[in-house]
């Protein structure tokens, strides 16, 4: 009996959890006059989306976000792979000290340091650039830890065998370790993309112009731009436009998404 | 001699491998923190065109600032409200999603999807839900005849409203970690418990929960850090109001730096935040970590 | 240290080349279909072309960027040696932050529209150019005198002009004529005194509808300023160095505001969200509202009922603060750009353009001669409500603006909100605000 109740409760919770998504999608396809009332009529429209697309350059925002997210991911994978291999397989001078330094980045992430990093970017004259948005994230302690853990589980014999065939260390990395750590890369990639797609405060203070503004900042500016008061239908449409790709991707790939997390040994 | 050379080679390789990461770490973690420490001992605001050294004046001022204390206590209450709840809920979700007979995919999606929604979008959606009179919550309360509540416009409500929203956003993310952890628990343990006729609750208490401890610790730390990092919603929803009831430390730093242009004070506040987070890290890695890892 | 950092950095840049992105690759900004070539893209432009970056905040109503882009296009066409590149920078607050950040980063925009109240802060940052020289060369006294004095108040200090009014407003009272009729009030007679307003609002309140809503988030101080002005004098000195919060008249004004909710039960308690008040009014959830005249066009287009616009009710006198944004020019830009920027400002504030802007948005046209334009005369004839805000300018005063504007405004806003949510009483809160503000302004009063 208890089991049935908790079961029902959890299903109910799932419905409650879904509600905000359904609500915003619903509002975005209702004509603006009906946006705030709960009457059930057959009135549906795509006009809100058209208006939003017209009012702010969302295509540009999409492009910017895509560039930023990809740029960061590629850089992170490169730097993290190299560093993780060093930590996992090599014994070297100052290894433990350096490890602690990497740990610090986990606890003091770039998000906390928006103000000092802003000054650094200013000194480098990189304000209001996409590169500027990406740079602080190129080193990823999180990635290093994940990969290190994975690399550690790869038997040393494989590396030795490759070495005996005359591979240089770069080739060993590429041929032996990277392919075996694929689930970890996928999990990390998903976390990274998700994180940077959603990043807001940092790009907010760094960007001015439309050419560099990502979706999140574009959405916030759009939502706040109504001195006349919130236009819920349009804001909902804009919101749906911004979250649509990720939610869709998640819906399509949720099994892989979740599985890769599980199997990457993220503890 | 050859051995020494070999060792030297390894060291060089290792450092070269680490160099890319180190450069960025230096540039964007350590150097800024260092600069901030220095700047926090200077007066650098709109009234002083050239920053000048003022000792610990910024820190003294900060300790006398009512808003600072409000913001700090808010953040701690916020952490208290979101961390245990979202972690516990995540555990429950994971247990359920693991065992659910029907619609396992549906359940996992429903719980997890808020993670892929940007906080800014979350804020927009919930701002609308919380709006009095015609927000979703108002409509629902209307159905139950409970009358209206000003969720975001009242000091006593606003924190709860924020906490619930953040739990909604985060619990699914932590659920994934628990799902991973549950996979790692060997089935044999459950089978032997079943043979001894243990009840579900005992199984949970004696087997599942202890074995999930590492996950719980990991997830709690992330949740705690997030409760300090997450301020995007304040930009859209309340800007810290009413009267700083929902203001959080990072948002106060943002206001001080980019609205008041008081760089000295913003630096001091940032240092406080860094020290706080490092202290928590120290507790985890040097204290608890030893106790809960079995290997 | 910096050079070491920089060289390390350039080593790291090789990684970045992988990603193949640079800040130079810009697809054109606000990509509107069917528009001619966007200004500011690096295409074949004649040598000696002056490019101006123009930061601007929200407009009201309509696809925001289109109107401004259109005006910039026209200017570019009429002035072949100059290209204005409009950059939409968000809300007023966002725009101010962006501009201040740009100034700090030594890359100020060439021209921008920003809140008129940022004047003192901008002067403290030594960021803006005094405009008198430009006025003398092109425009002269008649130009300046043509602006309504209420708007110039936030544009001048010590007789020197630092900014030019562009999109300005006052607060007006919107009221639902149908609701008035419903409860037996004369729809052509909006309340004109505080007592009348409280009385009418109480009458208009019923289940599912409030009598009045005065927003108290976002621009709390602005609304409060109106009440204070109606009962006495302004909240600060013209030089922005002193504030007057805890005078008995101001306490009375704040008490009146609170009483509308507490005593007369005609207004919701707690903080009322700025963004939701207009939609509340349009939905009929409130019969009256204080809001910016900038909302006029929006309300006109969307109200399904007959509505009126009136002066804010008086206590000792009528009164309203002005609001909105001015044109500023910045130090650190080169001379050629400055001259071009001044041309642009003159263009945007020509009477017929000012009139059109006012009609499109609902802002008050900032120049007296704008109201002599045919299109404006016709518009006011068809829609007399458009003239209310302008007429109220007679009682208009400078918007709240001091040195260290951000901090002082926050101190006032926070304490006002504390009173409106019932956590503090008016006299004590205003005293606290006064003390906090005095502390912040101390260094400017040495």
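Per-chain numbering from 1; labels A, B and C assigned in written order.
Note that in this section a residue touches a chain if its C-beta (ideal position, glycine included) is under 8 Å from a C-beta of that chain, and two chains touch if they have at least 3 such contacts.
Keep in mind that this is a model prediction, so the values were computed, not measured.
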item: Distance-maximising chain from subunit B - centres being C-alpha averages; value: C
item: Contact-richer chain pair [B-C vs A-C]; value: A-C
item: Intercentroid distance (Cα basis), subunit B paired with subunit A, Å; value: 16
item: Between subunit C and subunit A, distance of the C-alpha-averaged centres to the nearest whole Å; value: 36
item: For subunit C, residues contacting two or more additional chains; value: 9, 12, 15, 97, 101, 104, 276, 279, 283
item: Shared-contact residues (touching 2 or more other chains) in subunit A; value: 36-37, 78-79, 118, 138, 205, 220, 224, 230, 232
item: Subunit B, residues touching no fewer than two other chains; value: 20, 23-24, 27, 31, 134, 258
item: Touching residues on subunit B, where the partner in the complex is subunit A; value: 10-11, 13-15, 17-18, 20-25, 27-33, 35-36, 39, 92-93, 96, 100, 105-122, 124-129, 134, 136, 139, 168, 172, 176-177, 179-181, 183-184, 200, 214-215, 218, 225, 228-229, 231-232, 235-236, 250, 253-254, 257-258, 263, 266-267, 270, 273-274, 277-278, 280-281, 285
item: Of all residues in subunit A, those that touch subunit C in their complex; value: 33, 36-37, 51, 54-57, 59-60, 63, 67, 70-71, 74-75, 78-79, 118, 122-124, 126-132, 134, 138, 205, 208-212, 220-221, 224-232
item: For the subunit C and subunit B complex, residues of the former touching the latter; value: 5, 8-9, 11-12, 15, 93, 97, 100-101, 104, 121, 124-126, 216-218, 268-273, 276, 279-280, 283, 285, 403-404, 406-407, 410, 413-415, 417-418, 420-421, 423, 443-444
item: Residue ranges of subunit C touching subunit A (in the complex, touch as defined); value: 2, 6, 9, 12, 15-16, 18-19, 21-23, 26-27, 29-32, 55, 58, 60-61, 63-66, 87-92, 94, 97-98, 101-102, 104-105, 107, 274-279, 283, 291-292, 294-295, 298, 302
item: Of all residues in subunit B, those that touch subunit C in their complex; value: 20, 23-24, 26-27, 31, 45-49, 67, 131-134, 150, 152-155, 238-239, 241-244, 255, 258-262
